[in-house]
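One structure coming up, written as C-alpha cells, with questions to follow.
The chains carry the letters A, B and C, assigned in the order they are written, with residues numbered from 1 in each.
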C-alpha cells in the first residue's frame, strides 16, 4: 500500500494516533508495570497480592457476584424478552421501555436507593412488610449481603442481557418459527426447538457482557458491599489507590491486570463464539411475527410485568425522592416531617453547580472528540481497503471492554508526567478517560450508518470534482447525521454520570458530579446525595429524550 | 384431501381494512394461485388460511371443519398444512435430515418409518445424499427444496407456497416452476400459491385469483384471465396491454379509435359512448398492406430487437401502439409506413 | 441538521445556565473582588500590590476534611477578613484528601496551599518529607494543644473527639453504653456501627488508639458481635439517627449537630477514654502564595476563627474560647482521654488500615 499524504490519510492517521496514545498506551503500560519491578521482570507483585487472604476473598467475591448476577440475569431476561417480543402481551411497548429503565439509572444511584429501600432495620420495604405482617419483627430483607448485592446488580446489569436477546429476537426471521408451527409444533415446543437454539449465541453474549460488567462494577459493590463487608476486586483496587504510595499502586496494578485479563478473555471468547455461531438467516418480507396468544395468562402476565416495573423503576426513584424530602431522618417519612431544606441547600451549594459544570464540559468534550475520532475510525473500517483497517475499531472495543478502574489506573501511570505528558490532577484527564472508555459507542454508530451509505453516492460527488474533505462534509456527514448525533449522546450520557473512573481521576480543581455524589453519600451528607441523585436522574432522562428526538428515534439508551 | 372455502372473510389491522370481503373455494387437488401486486392482501389471505392471522369476520372451512371465524381459531399446528416460505425458513441449526424430519418427529412417527419418509421426500425434491449437510452449505435452490420436502413430508392436506421462487435467480426460477407443478401432480395435493409474478401464475395454476387492494378482481383459469380479463386492472397486471380511448359506433360492439381504426369488441355494461379499448401487443400483426375492420395505418417510431421477438412502437391516428412482431414476418424499419391488423381487443369503461 | 442545531443550542444554553449558577455563588465567595478592578484573580504570586490594609491578594487553595456546611459557614467571615483573596476549597474525608495528596506528591504537582485534615500524624509524615513551610503564628502561644514547637511546621487548629452516640428511640439513657470496651458485649449484638478508617482520618486515629489499648482482638470481637462499617462519619451518623443502628463509635461534632437539629441522639463520653484529636493546620512548602497562607492560618487561630470552629461543633484549641453548644467542656474529659502517640502512628497508617480491612473485610 502506498502512503499518500492527503487530507484523508492524515485525518485517519491522527484519529488512530489519538486512540493509541490515550487508550492503548496506558493499558500496555499498566500491564508492563505489573510485571516489571525495579526494571526487572517479576511476578512478585502477584505473589504478594494474592498471598493476602482478603485479596483472594475479593477475587472470589467478584467471581461469585458476577457469576450469580449473570445466571440470574440471563434466566430472567429470556422469558421477559420473549414475552415482550413474541406474545400478545398488552402494553408491551410501555413495559419494554420501563423494564430497561435501570439502564438509564446510574448503578450507584440505584444502590443508594436500594440501601434506603431494603436495609434490614429501617428500609422502607422492610417497614411496610413489618406493618403488613406484625408477626415479622426483624428484616426480613437485608440488602447488605451477598444476596442483596447480587439483587441490585441483577437489576442494573440485566438489561445488557435483555437487550441482547431482544435484538436477536427482532432480527430473527419470524418464518423460522412459523415454519415450526405449521409443521405441527405448539408455541412452547417452538420456543424449545427453534427460538432458544437460534438465540443461544445472543443469550451467551448477553450473559458474558453481564459477567464482565459486574466484575468491573464499582458503584454497587462500594455502596452495598461496603456495609456487607464484601470486598470485590474493584473496591480493593480503589483502596490501594487511596493509600497512594508507590507500593500500593503496584499492588493495585497486580489486581487490575487480573481484572483486565478476565475481560479480554471474555471479550475474545464471545467474539469468537458469535462469529462461529451466528446464523445468518435470510430475512423474509417484513411480516410481523405471529404473536403467541397468552389466553388466560394474559392478565396475570400484565400484573407480573407491572410489579416488575414497579420494583425495577418506580421503587428506587421513589425511595430517593422520599429520602430527599425528609426533615429529620430520625422521624422517617411522615407528612409533618417533610421539608425542602435539603433541596434548597443542595441547589444553593456552589459545589453542586461546579461539579455539574465540570461533568458537562468534560463529557461534551469527550463526546465531541469521540464522535470525530469515532467517525474517522469507522470510515477507515467501512470505506477503505487498507490492510488492518478493522484494527482501530477492535482497539476501541477493547478499551471499552477494559474495566473503567483498570483504564483509570493506566491513565494515572501514563500521564503523571513520567512520559512527558502530565494530565493527572487536571480536568483533561477526565476528558481523556471518558473519551477512551466510550469511544466505541461512537464508532459503532458511525460504522452502522456508513454501511448504509452506498459508495456510489460519494463517488458521484468525487467525480463531480469535490475533494475528499469536501465530499465528507457535503455528502457523507449529512447522510449519517442522525446516527452521529445518536453516537454523540451515547458517549455523552455515560460520561456525564460516570463514577468509577471519576473516583480515581478527580482532582481538587476538576471534580465531576459522579464523584461528588459518591462523596456526599459516603462522607458528607447522604440526604444531599439523595437530592443530587434525583437531580442526575432528571438530567439523564431529559438527555435520553433529547437523544431520541435528535437521532430521530434511531438511538436511545 | 381438502376442499377449502372462504366465506366473506374480512381482515382489519387496527383501523386499516386489508381484506374488505373475500369469498372463494378451492377444490381437491387444485393448484390455485393468488396473484396481485405487493400489498394486495394475497399474503394476508394465505396467512389466514395457515392460521397465522385471525379473521375479523367471515369463515374459513377446511373440508367439514370450521378453522377460522371470529369465535373459532384452529392454531396453525392443528391444521395439518404444509407451507413453504419466501425465505425458505430452513432452520440453520439443524441438518437437512433433521429439518425435513421435524414434522414427523412432532407427530411421533417411529424411527424407521420416519427415515423412510424423509428419504422419499428428499428424493422427490432431488436432494438424495445431502441429508447430513447443514443449511449454510446449501445453495438457495437447495434450501428451497429442503423447505419443500419439509412441507410435504407429513402428507398434509394442502400445501401453501408464499412466493417461494422470488429469491432464486432467473434460470432456476423458470426450472422450478415446472418442477413444482410436476411434484404437485405426482402428490395430487391441493396447492395454494401466492405470487406477484404473472408468468409463474400462468405456468402452474389451474385457476388464478387476481387480487387488488384486498378485493378479488377475477377468478378464472389462466387462459381466460389472459384472453378475457374482467377488468382494466387484470388486463394491465397480467401481460402487456395497449390502452386506447375509443368511441362507440354501434351497440353491437363496433368502436372507433382515432380516425381509421374500427374494431368489434364486447362492450362493457353501462352504455357509455366512450370506452377504453385494450389490445395486447401480441394480438396485433404487423404488415405492409391491408384495410377494413381491425386494420389501421401507422408509422414505426422505434424498434427493439429481442431475438425471439421484435418490439415495435407504432404511431397511429389513435395513439402510439406497442406491437410484438415475429421475426419470421420480416423486419420493419423505423420510419417505415405499416398496417396493423388487430386480431383481438377488449373494452373497459373509461 | 436542524435537530442537531437545536441540540447544540440547548447545550449551549445549559452551559450558560450552569455557569450562571456557579458564577453567582462564586461572586458571593469572592466578595468585593469584582468591584476592585486592580485586584484581579488569576496569577497571584508576584503581585506588585502591597499587602497593605486590603490584605493578601491572589488565590488560595485549601484542602480540608472540614464539613461543607462549616465551610459555607466560615466563607463569609473569611471574605470579610480577606476581601481581595480568592479562597478555593477542596473537601473530602481525610483519607481521600491524603490519597489525593499522595498522588500529587508523586506527580510533583501539589494543588494545595494550605492543609486542614484531621489526622495529626499526617503532618508528621509531611514534615518528614520536607513538604511543609514553617510559620509561627502570632497566636501560636495561645494554642493549648499539640503543635510543632521545634520548627513551627504545623499547629493544632480544631479539636475533634471520637465518642459513643446512641439513638434515644432505641436505647434508654440508663441502658446506654459507658465504655468502648462494653460494645463487644452481646448486649449490643448487631447494634453497633463504626466509621471506616480508610475513609476518615479521625476513625484512623480511633482505630489506632483502640487497637493500642485493647489490641486488635477488640475489633475481632466487635466484628463477631455484628458491628458494621458505616462509611464516613456522616453516613454512619445517618445510620444512627434513622435507627438502623442503635449505637455508633463516631465523632462528637456529628452528634452535636444532629442533636441540635432535633434528631433522637445522645452523646456518651466513654469512661475508658475519649479519643481526642487535635487536628492541625499547615502550609505546603510549594505554595505560590505564602503570605496569604500565613494570614489565613493566623485568622483560623485567632478568636474569630476559633469561634467559627466552635460554631461548627468542634472544640477550640484556645482556652479562651468556650465549648460548642451541648458539649461537655474539654477539661472535664481530657484527663481521662485515651493516649495517642502521633509519632508512633505516623509511619504505620497503611499498616493500620490494612489490618482493619483484613479483620472487618470478610
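In this text, contacts are C-beta pairs under 8 Å (C-beta built on N, C-alpha and C of every residue); 3 or more make two chains touch, one makes a residue touch a chain.
It should be emphasised that the depicted structure is a prediction, and the values quoted were computed from it without experimental measurement.
Engineer: Quick one: most central chain, C-alpha centroids?
Structural biologist: Chain A is the most central one.
Engineer: Could you let me know which interface, A-B or A-C, is made of more C-beta pairs in contact?
Structural biologist: Spelling it out, more C-beta pairs touch across A-C than across the other pair.
Engineer: Find the geometric centre of each of chain B and chain C from their Cα atoms only, then give the gap between the two centres in Å, rounded to an integer.
Structural biologist: Those two chain centres are 86 Å apart.
Engineer: Could you give the separation in Å between the centres of chain A and chain C, each centre being the mean of its C-alpha atoms?
Structural biologist: From the centre of chain A to the centre of chain C is 35 Å.
Engineer: For chain A and chain B, what's the span in angstrom between their mean Cα positions?
Structural biologist: 52
Engineer: Under the definition above, what is the set of chain A residues touching chain B in their complex?
Structural biologist: Within the complex, chain A touches chain B at residues 173, 175-176, 178-186, 189, 193-194, 197-198, 279-285, 287, 290.
Engineer: Under the definition above, what is the set of chain B residues touching chain A in their complex?
Structural biologist: Residue list for chain B touching chain A: 38, 43, 47, 50-53, 75-77, 79-83, 85-89, 91-93, 102-103, 106-107, 136, 147, 150-151, 154, 160, 163, 167.
Engineer: Can you list the chain C residues touching chain A in their complex?
Structural biologist: Residues of chain C touching chain A: 1, 3-4, 6-7, 10-11, 14-15, 18-19, 21-22, 25-26, 28-29, 61, 63, 67-69, 72, 88, 90-93, 95-96, 98-104, 106-109, 111-112, 167, 169, 196, 198-200, 223, 228-235, 238, 241-245, 258, 261-265, 350, 353, 357-358, 360-362.
Engineer: Across the complex, what residues on chain A touch chain C?
Structural biologist: Residue list for chain A touching chain C: 52-54, 57, 61, 119-122, 144, 226-227, 229-231, 239, 241-246, 248, 328-330, 332, 345, 348-351, 353-354, 356-357, 360-361, 364, 412, 416-417, 422, 424-425, 478, 481-482, 485, 507-509, 511, 519, 521-527, 546, 549-550, 552.
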